[in-house]
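Per-chain numbering from 1; labels A, B, C, D, E, F, G, H, I and J assigned in written order.
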Amino acid sequence: MSGPDKTIATLRSDLVPRLPSSAVTLFEAKKQKNLTFEAIAKKLGREEVACAALFYGQARASPEDIKNLSELLDIPQDRLESELSGWPDRGHTLDLPPKEPLIYRLFEIVQNYGYAYKAVLNEKFGDGIMSAITFSTKIEKETDEKGDWAVITLRGKWLPYSRF
Amino acid sequence: MSGPDKTIATLRSDLVPRLPSSAVTLFEAKKQKNLTFEAIAKKLGREEVACAALFYGQARASPEDIKNLSELLDIPQDRLESELSGWPDRGHTLDLPPKEPLIYRLFEIVQNYGYAYKAVLNEKFGDGIMSAITFSTKIEKETDEKGDWAVITLRGKWLPYSRF
Amino acid sequence: MSGPDKTIATLRSDLVPRLPSSAVTLFEAKKQKNLTFEAIAKKLGREEVACAALFYGQARASPEDIKNLSELLDIPQDRLESELSGWPDRGHTLDLPPKEPLIYRLFEIVQNYGYAYKAVLNEKFGDGIMSAITFSTKIEKETDEKGDWAVITLRGKWLPYSRF
Amino acid sequence: MSGPDKTIATLRSDLVPRLPSSAVTLFEAKKQKNLTFEAIAKKLGREEVACAALFYGQARASPEDIKNLSELLDIPQDRLESELSGWPDRGHTLDLPPKEPLIYRLFEIVQNYGYAYKAVLNEKFGDGIMSAITFSTKIEKETDEKGDWAVITLRGKWLPYSRF
Amino acid sequence: MSGPDKTIATLRSDLVPRLPSSAVTLFEAKKQKNLTFEAIAKKLGREEVACAALFYGQARASPEDIKNLSELLDIPQDRLESELSGWPDRGHTLDLPPKEPLIYRLFEIVQNYGYAYKAVLNEKFGDGIMSAITFSTKIEKETDEKGDWAVITLRGKWLPYSRF
Amino acid sequence: MSGPDKTIATLRSDLVPRLPSSAVTLFEAKKQKNLTFEAIAKKLGREEVACAALFYGQARASPEDIKNLSELLDIPQDRLESELSGWPDRGHTLDLPPKEPLIYRLFEIVQNYGYAYKAVLNEKFGDGIMSAITFSTKIEKETDEKGDWAVITLRGKWLPYSRF
Amino acid sequence: MSGPDKTIATLRSDLVPRLPSSAVTLFEAKKQKNLTFEAIAKKLGREEVACAALFYGQARASPEDIKNLSELLDIPQDRLESELSGWPDRGHTLDLPPKEPLIYRLFEIVQNYGYAYKAVLNEKFGDGIMSAITFSTKIEKETDEKGDWAVITLRGKWLPYSRF
Amino acid sequence: MSGPDKTIATLRSDLVPRLPSSAVTLFEAKKQKNLTFEAIAKKLGREEVACAALFYGQARASPEDIKNLSELLDIPQDRLESELSGWPDRGHTLDLPPKEPLIYRLFEIVQNYGYAYKAVLNEKFGDGIMSAITFSTKIEKETDEKGDWAVITLRGKWLPYSRF
Amino acid sequence: MSGPDKTIATLRSDLVPRLPSSAVTLFEAKKQKNLTFEAIAKKLGREEVACAALFYGQARASPEDIKNLSELLDIPQDRLESELSGWPDRGHTLDLPPKEPLIYRLFEIVQNYGYAYKAVLNEKFGDGIMSAITFSTKIEKETDEKGDWAVITLRGKWLPYSRF
Amino acid sequence: MSGPDKTIATLRSDLVPRLPSSAVTLFEAKKQKNLTFEAIAKKLGREEVACAALFYGQARASPEDIKNLSELLDIPQDRLESELSGWPDRGHTLDLPPKEPLIYRLFEIVQNYGYAYKAVLNEKFGDGIMSAITFSTKIEKETDEKGDWAVITLRGKWLPYSRF
């Protein structure tokens, strides 16, 4: 059975050229320590998705995150500080449209329901956007008699267009 | 102020060529009756996003939906039955990548967090995808001292890859 | 001489299919009345760029804007209200990359200086973005012995990435 | 907090293949010396954006710039002269459309307001373009009770189309 | 004659950068042992296509698969476990549209008959999709007086769209 | 429930510009007569997919097909002869990649398993391709305790590369 | 022989949707009057290429041009003034890359010699560009024993990059 | 001032993967010897653009060119002969559309004036193309009170379409 | 059987927007008269492919062609003269890459054998190209015991690159 | 003169990443031995184009081909057997559309005459395609008083569409 068999996420070699060097360092230590993002998130006091995003170079590590990661993953703190210095350069991991079936499904939701979301959001909030920056997201697992369900929550600040 | 001022969502003329003819019929009646998707959703007993998707031709109307829409919008039932016959041909409303800023933000979330979602979902559920078909979604509004927050929930059945 | 000879901006017929029907109504009245965006902006109490964006369907008209436009352009107010109802569907006017030489130059500035802007903004403000929604922009004209200079100012709220 | 915490901009390894070798030399020395572009700009007597552009290979260094950079960054002058010889080959750092959220916002401004800028510029200046070559740009930070604001100024010579 | 002359499939060097490192390990051992996917499939108790997909990093190996591959291919089990750890990152091997003539023909079938499949599937099953995840596929060879025929069977669970 | 509720496939108005005029004629008559492709296939003695392809202009009608369609759909035979004259111009109905979720799943199968199919086909048949011309395909429905399964069979002549 | 047989350039119907309405007016009158661009250029005192560009909506007509065109082509002056009002919206006539063989050859020259032009221009003029705005171009015909030669001259102001 | 300060054109490291190995050899020697293309062109008796094209692998070196380059640049003749053997594989240096601002301007000229060139060339020469093969080009510098002007001449054989 | 059953080629309605109006006129008359391109070619004294290209607006009609077409197809000569005036605007009929299976096969030959053709042509003729302008092409049918064979001949003048 | 001066085709370094490793081995030996494809074709008893395609990894070598290549090129037979094992992965050498001018001309022929070929082939053969698999091609050189002519012959089996 190909189920949730304690297998942890690792870094596929073919994705490396699109990632900052910190991704290799972090994922290798994660593999060595055999840690899930759940365990890492607990240590960092952050959401699992945020931790995974940090590993892929899509989110920023605070000084405290670096200290925690250094402890948990046995990576010298100054090496982490150096590799995680600067500012994330986001958005380069993905093909357009996404080719990975799991990620494509998320894209397909936007593709099919994009205008429906817009219509409902505009009616509920007015002219503006849901911020993807002042934003958080999480994944939850629900199970019922029909099987498992993934529940992804997106929560963003509503930003009305400025009048000028 | 460009806020939630009871303005309802209508159909922009430049989107018409990408939509089935039912979209024009439905949106014109909605405008005539000055109804929000919230009111329509209440009548149909469905989520607002599902109703909006139905208007944009991205979801299917059941015979009961058609009856309810006919009553609520004063459209002859046989006209609705005819225009909503057949099966939705989904996915054509959107540019790739989306150009509309509100929809782009949703796409950007997939672009930035796609691999993070995948890593966490794989660790939590195993090898598979979150279905975008056995799936539901809704929008909620939260307000706190910082302003309004849009909360979008995506809930999909987990489908493990078959072994063969 | 092809200078600023009181020629006003009108709507090219080949752009019409990408625009909402309000654009045709507004531009035709503008041509009839021979009004510049400067004159329109004075009446509406808004920036010229915002007025032009409103004409192209890229910004929203407030009820007061509609009243003012109706008066200034001699368009029945209910016609304007109907055509400008709903929410702008932005971003569809442009080719990617832009083909129009004037607009291409703006794109080229982003293309050449994009990472430089990012580096300086990150150092000055931290990890985040300059909002294009809580945002205003204006154009000014300066003249010196070398000729005319266009000065475009972009002013956006800084949005730091949420920690989650 | 992910604020302006004296973190300096460094070079992400995944961007290196799109940059001239000088970018690596300059950014490594910048990191070693822990210098902001503000400090570098002061030394060179240039705008911060111009300095960052020079680091990314998007602007040219004058002999005096090279001397100043050599002193400030402790890089042998002849090495800098050799690596910065020749002429910049601009425009290759960016995806099209930009994927990085911060840079995308700048692009989105062009996408949404492009035709509005064109209409207003044509009315103010006639038939022509704002030069992106005889051009300067700068970033300023403003703070009010609502938070921080980024102000980007673009200033370009107006070039009327030649009649021939 | 360039027929089925016991030549086995090997890995072309130009495809390597798009594949996980496990692909190189597995294909090299396959070449060394001179094994067809038929022989490998027999050992693993899986379909040939599934085995080939596993080699290309498009399907997941169970612990038992790894044990069997280790025995059959003389690869140390822990090396295989390490290289096949994590979750497949699917979909990156192919150009869009496919350039390889054999694979293009499969794509062409979708291109030409896509809407015909949709119409017939909708009529037979209702509004939904055939799953590509709860899915299996196999290849059979038939021979008659006209020559050889390839028969590819695709079998997927029907997933009706959820009503919400 | 959105199941196989005797709803027949009709032609969406937004697809019309990509289709020959015969598609409109045929689908309108099909809707009028409320016929499934199953019924049409029985009359014509062809596979359902072939009939649907014929309706979409992706397959050719023989003189006998035209006679049968004329009788079944009450369309004057000479009108059908005229509209179905000439040769199909195939392949234009689809976006690349397909946006419709049902059709995308078929494409995804090619995307994920393309090289696996090639490897197994080459080992079984030698150097060549499976013809998409000397080719047939059909859809079958299977039902077990888990639900419905769609089974698509592709059967093509194997064409070895000529030696020259 | 398909030589320079006094055939004049007319407007192909399939290009019309990409052009402003003035193009149709001008080309129809040109056809009616059977005038070459040489004759038109003589009347207007402009280069032939500039005249053709004006017809295609790629250059601006001065008031005097409009008067001359009105006389030469027997088009009411106020109709021309109205259709040629506003500012050219350039660049939309062409596919990318150009498909028309004659235009492709011009593009191919840029494709093959682009970097060579840049290297020589940089060495001769420094860091900058040749303006395509402060610019003129003309076509000449030379004939020798080998046949006819087309000579296209591009003359643009050199614009050095501003230091800032 | 960033003017024509005797800086010679060198090879940017990021362009190397798109060029044949001869480009590296030639540009390194050019840098070592500090030679302009003007000097090289004088030695070879060819146009500067042709010499630069030769360096970028876009033109072919004759045996005499190789001898001259060997002498001028102090490169062993057999090394040059080996690296310049075979036939140029042209056209790969450029992005589409070009991103480099200088080269983009040349492309923009084709984009804006392409159909105008075609109309005038057809009227002057008949149905055919200007050859980009039986072709030469050169750059000249003119200076007047307004500054410097770049003059690029394209001269190609006119090829009429064959009648068949 | 779907063989060469005296069916003539007609114009599919979905291709019309990409073609000049003459294509509609010519194909309609061809259908009315039930003429093959073989018959038309005999009348015009041209190759069948050239005649078909003329119908699709990809080749030019001489005055004598127009006279012959007028007689053969019963189209008033002045109507043909008017619709066929001007110069062909070639290359717009095709998708890139071609989607039509028959045309894709021709493209695939270029895709697979392109570099092989180049290598052999360079060795046989030197540095240059085979002209697609001073060019003719024809189709022949051969039949042997294995079935029918299509033989397409391309014959183009060799154009060596000019030395300059 | 840049004519057919006994220069042989070699492998450009920038094409290597798109080719199997066998291409490097074969082209290096060809250069060492200074052999044309004409000489190689004579040894192998195959067409020159087929030999070049084999070198570029676009055609398959038979055991006898390998033996002959080993003898002619002095490459150990087992090395060739190993590098040429497996099945060609075709189609990856080319840009889309092709940038190389010689190859572009071949593509342009398909682009301009594609529908003309289709119309004539359909009329001559019925509904089907010319196979690019059961296919051969050759290049011949003709010389007359006007110069050299390249004649490319494409010969493919006609495959009628199956009726199903």
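Brief remarks follow.
Rule of thumb we're sticking to: a contact is a pair of C-beta atoms (placed from the backbone, for glycine too) under 8 Å apart; a residue touches a chain by one contact, two chains touch by 3 or more.
The chain lineup, named per UniProt: A, B, C, D, E, F, G, H, I, J = Cyanate hydratase.
Computed from a predicted structure; not experimentally measured.
C-beta contact counts were set side by side for D-H and G-H; G-H has more. For A-C, the matching interface among the pairs D-H, G-I or H-I, defined by over half of the contact pairs being the same residue numbers, is H-I. Centre-to-centre, using mean CA coordinates, chain F is 34 Å away from chain J. Rounded to whole angstrom, the centroid-to-centroid distance between chain C and chain D, based on C-alpha atoms, equals 24 Å. Separating the CA-averaged centres of chain B and chain J is a span of 51 Å. Counting only residues that touch two or more partner chains, chain C has 1-2, 7-9, 15, 50, 60, 62, 86-87, 89-91, 94, 97-101, 104, 108, 111-112, 118-119, 122, 127-129, 131-133, 135, 137, 160-161, 163. Arrangement of the chains shown, judged by which pairs touch: an irregular graph that fits none of the line, ring, star or complete shapes.
Chains that are in contact with each other form these pairs: A-B, A-C, A-D, A-E, A-F, B-C, B-D, B-E, B-F, C-D, C-G, C-H, D-G, D-H, E-F, E-I, E-J, F-I, F-J, G-H, G-I, G-J, H-I, H-J, I-J. Chain E contributes residues 1-2, 7-15, 31, 95, 98-101, 104 to its touches with chain J in the complex. Residue ranges on chain H touching chain G, taken from their complex, read 1-5, 7-9, 15, 36-38, 48-50, 52-53, 55-56, 58, 90-91, 93-94, 96-98, 100-103, 105-132, 135, 137, 139, 141-142, 146-158, 160-161, 163.
The residues of chain H lying in touch with chain J in their complex are 17-21, 57, 60, 62, 82, 85-87, 89-92, 94, 132-133. Taken in their complex, chain D has these residues touching chain G: 46-47, 50, 59-60, 62, 86-89, 118-119, 122, 127-129, 131, 133-138, 159-164.
Only residues 97, 99, 101, 104, 108, 111-112 of chain J touch chain G when the two sit together in their complex.
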